[in-house]
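In the two assemblies presented below, chain A is common to both, partnered first by chain B and then by chain C.
Moving on to the complex of A and B:
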C-alpha cells in the first residue's frame, strides 16, 4: 500500500530577510514546505512546536549564532539533519560545526545546497 | 632607591630602549648599585649583540659627569635624559664601540661574554688577561681586568647580558654589588621578555584584525552576491510574472547599493587622518546635516529636536568628516528609536577647550556587554549593518584630538557626546 505523500518540512535560520525569501521560494519550487526564522531564539521556539525533516542554518547572526543553535538542538536530542549555510569557509575549522551534517558555503547558485538537501531528505 | 627608580619608570610609557637605559642607570648611578660602567647585550636569534654601553670614556669625563649628576635637586628623569646622550650609538660614545660586537651563544669555544648568557650563569672575572675563558677581542674592547657578567633571561629563554666594571675607580666588585646587579638582571630579563611578548601580541592582533577584515569582506560581499545571483536566476526563467520581475529587480538594485556602500565605507575608513584639521564654524554644517536627514527621519515617524546654542566657538576638524560623523550618529539614533520617538541633538560649549555635540535617542539603550564592542570594526547589531559607522566616528575623533563619551541605561536610550577641540581663542 502506498503511503500518502506529505511535503517534507525544512526550517531555515537566516538573519537576512531577502535571503530567506529567496530560499523559501526556491525550495518551495522543489516541493518542500519551508519555514523561516531570522534568529536562533525564534528557531528554537518554532522547533518546540513543529517537527521538521531538515534544518538549514547560517552561523553569523545577531544574538545566538548558528553554532550555539546547533548545540541547543543537540541538547534537545532531536534527530534532525542540519546543514550549515554560511558566507564563511573558515568556520569549518570550528569543531562544533562538525556536529552538523553538511557545511555549504553560500553561493549565488543554489545547486549545491539543493543537492545536499536531497541527500538528507528522501521525498 | 634602586628598585623604586626601575619600578617608577616601568609604569611610564617609555620605550624598551629607555627602560633598558633606566636599568643601566640604576646599575651605574651612585645612589643605585654604583658600578662605573654597564654594557648591555641583547639576544638576537642565537647570538648576543652589543646594544648599549653606559659610562664615561675617560677619568676626566667621569669627573665631569659625576659632578653634573650629583647636582642637588637632580631627579632620575634628568639623569636618564642626561644618560641618553651617553649611549647615542652614532656619536663618539662607548655604545658606538660595541655596536658591532656579536657573539654566538652556541658555537664552541664558548667564551665570555657569550658564555654567561648561554649558560645563564653569573661570572665574576678577575685578572682577565690570564683568564682563558675571556674572548681576547672582547678584553681589548672592555680594557679592564675585573668585570662582572650578569645573564638576562626569563623562562629559560636568553634575553641578553649585562657586563659591569669599575674601570675608572678600580674599586673591587663586592658580594653585595653582585647581589644587587643580579636583581637588576632578573628585572631586565623579564622586562625584555615581556616587551617581546607584547610585540608578538601586537603583531598577532594585527593579524587577527586582518583576519577579521577578510571575514568581514567575505560576509559583506557574499550575502548580497548570493541574493543578487539567486533572484537573477529566477528572472532568467521565462515564466516569471511581471510583478515578481519588478520585485526581484528592486531587491537586486538594493543589494547592489549595499555593495556600493560597503566599498564606499571601507574606502572612507582607510582614508581618515589624511586631511589636516582646519578651523570650522559648526552651525552651518550641523544645520545642513540636520536638514538632509530630517526628511528621512520625519517620513519614518521620528522627530529630531535640535538645540544649537548661540556664539559657538570654531573647532579644529575637517568639515566633511564632521558632517559624516554627525550623520552616522543620527543614523544610529534613528535606527534605535521606535516610531514616534524623539532624537535630541544638543550643540554647546562645555568649557574653554571643548565644544560638544550630543545626540540622544529614545531607544532601548546599549546593553552593558556591548559597550566595549561597539567601536570595534565590523561589529553591528543591525541586520544589514556593516559595523564601520562608530569605528569611523572614533577614528575621526581620534585623528582630530577629540573624544567620545557614551551614556546609556538599558531601556532609556543612549546619548553620544562628541567633544571637539575649540580653536584657540575661538
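Moving on to the complex of A and C:
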C-alpha cells in the first residue's frame, strides 16, 4: 500500500486576524498544515492537545506576550523549533528570545519567514 | 547650598545637591521590588544543559574531558544569537556628508559567568571571579586580532533596571569598527591634559585620592576604588589599576589575583549597603593599540584603563538629558564613607 506523506504541522500565534489568514493561506500553498491562535493562552491549550513540527509566534500580543509563551513552551517541550515573528527589532536585546530558534522581523514579503520554516522543518 | 563640580576629563559639570542629601537607606528597595527582581521565568537559555539554545561557544573554561557546547563549563562565551552587529569583512570608510553610514559589522558576545543561575558574580568564589576577568582579557585579545575592530567594550548589566533581560549572571562584549564618541572624548581630553603636564591625568587622580583618602573606598596592592569627585550618580565608583596601562590586555596574573578581590569587595559593599542594587560596570580601555597610536600619539602614556561601576538608584530625566548636567543627591565623600565603614555583612 502506498504511504501518504504527512503534512508538517505549524502553529501560528498572532493576534492580528488578517495576518493569521494571510499566513494560513500562504503556508498552506507551500504544503503545510496550519493552525492559528490569537493569543498565548489559546496557543498553550492547543499545544496540550496537538503536536506540531514548528511554532511561529508574535511577541506583542494582548495577555501573555510571545516571550512569556516561549518560556511556557520550554516547560512543555524543548525540541519544537520556534520562530519569533515580530514587527520590532528591539526585542533582540532580550536574551529570553534565545529560547527561540530564529527571529524574523515582519515585512511585506514572506520570503525570509518561508525560508526559515524550510530550514527548521527539514531538521 | 549645593555645589557645582567639574569633571576635568569630560568637561561635564555636576550638581552635588547636598541639601537633598540622601542616606543609603533612602535607596533601599521595597520588598515588592526585591521580589520582582528575583522573578524566575522557569527557562533560561544560559543555564547548564541548555547549551543547544545558544550559538556554538567561542571560548569556555570547562572540566577536563568535557566537550564544547555540553555541560561541564565554568565560564562560557557565546556570540549573540540575534546580534545588532555581525562579524564580517572590514567595512569601507563612511562617505563624508550629511548621511553617513556603513555596514553593521562588529562583534557581540555574551560571557556566561557561571552555570549556576542563582549565584551572582559577587557571590562566586575569588578564583572563579578571577577566571571571569581573565576571560574578558582573552576575548579582547582574540577580537583585536581582527584589526578592523577598533574598540572593544566589556560591560555588565546586573538587574532589570540596569538593562539586564535575564537574571542569569552574564556580561557582554561588543566590538565596533569605530571608536565610540564618549571614548574619543576621553582620549582627546587625556591627551590634552598629558601634553599640558607630561603626566597621566588618571595616575594623578589615583595619587591624590590615595593621599587624601576622603573618596577612597578600597585599595590593595594593585588596584584602588574611588568615588569620583564629580560623580554623576549616587555611589558611582571607579576602579583603577595602580600600574599605569592603557589597555586591559596588559593585566598580569599577579594583577588578576588583586583585581578579583577588589571587584568582589566593592560589589559586596554595594550589595550590603544598598540591598543588592541593579548596577552596570563598564571597562574603559584604549582602542586597539595597533590602530590608535596614529590618532592619539601619546595614548600609551596618557590613557589609563579603568572600570566604572554605577549602581542604578536614580533616573536620568529631562534636565540631565537636556543639559548634560547631573544632579547627584549623595556627595561622593559621603558615599565613600558609607562604603568604607561597611563591613559587607549581608543585611537581610
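The working rule: the second predicted complex is superposed on the first by the 117 of 123 C-alpha atoms of A that agree within 3 Å, B and C clash if a C-alpha of one lies under 4 Å from a C-alpha of the other, contacts with A are read in each partner's own complex, and residues count from 1 in each chain.
Throughout what follows, a contact is a pair of C-beta atoms (placed from the backbone, for glycine too) under 8 Å apart; a residue touches a chain by one contact, two chains touch by 3 or more.
Predicted model only: the values in this text are computed from it and were never measured.
Considered on the superposed chain A, chain B and chain C are sterically incompatible, since they clash. When the two complexes are overlaid on their common chain A, residue A:74 makes contact with chain C while staying clear of chain B.
When both complexes are overlaid on chain A, the residue A:19 reaches chain B alone and has no touch with chain C. By the document's definition of touching, of the two partners only chain B reaches A:87; chain C does not. By the touch criterion defined above, A:6 reaches neither chain B nor chain C. Applying the stated contact rule after C-alpha superposition, one finds that A:97 touches chain C and leaves chain B untouched. Superposed model on chain A: among 77-85, 131-139, 167-175 or 185-193, the stretch of chain B in collision with chain C is 185-193, the rest showing no clash.
Chain A makes touch with chain C in their complex at residues 68, 70-72, 74-75, 78, 92-99, 103.
Interface residues of chain C facing chain A in the complex, by the touch rule stated above, are 41-43, 45-46, 50, 53-54, 81-84, 110, 165-166, 170.
Those residues of chain A lying in contact with chain B across their complex are 15-19, 21-22, 25-26, 38, 60, 62, 87-90, 105-110.
Of all residues in chain B, those touching chain A in their complex are 215, 218-219, 222-223, 225-234, 251, 254-255, 381, 383-384.
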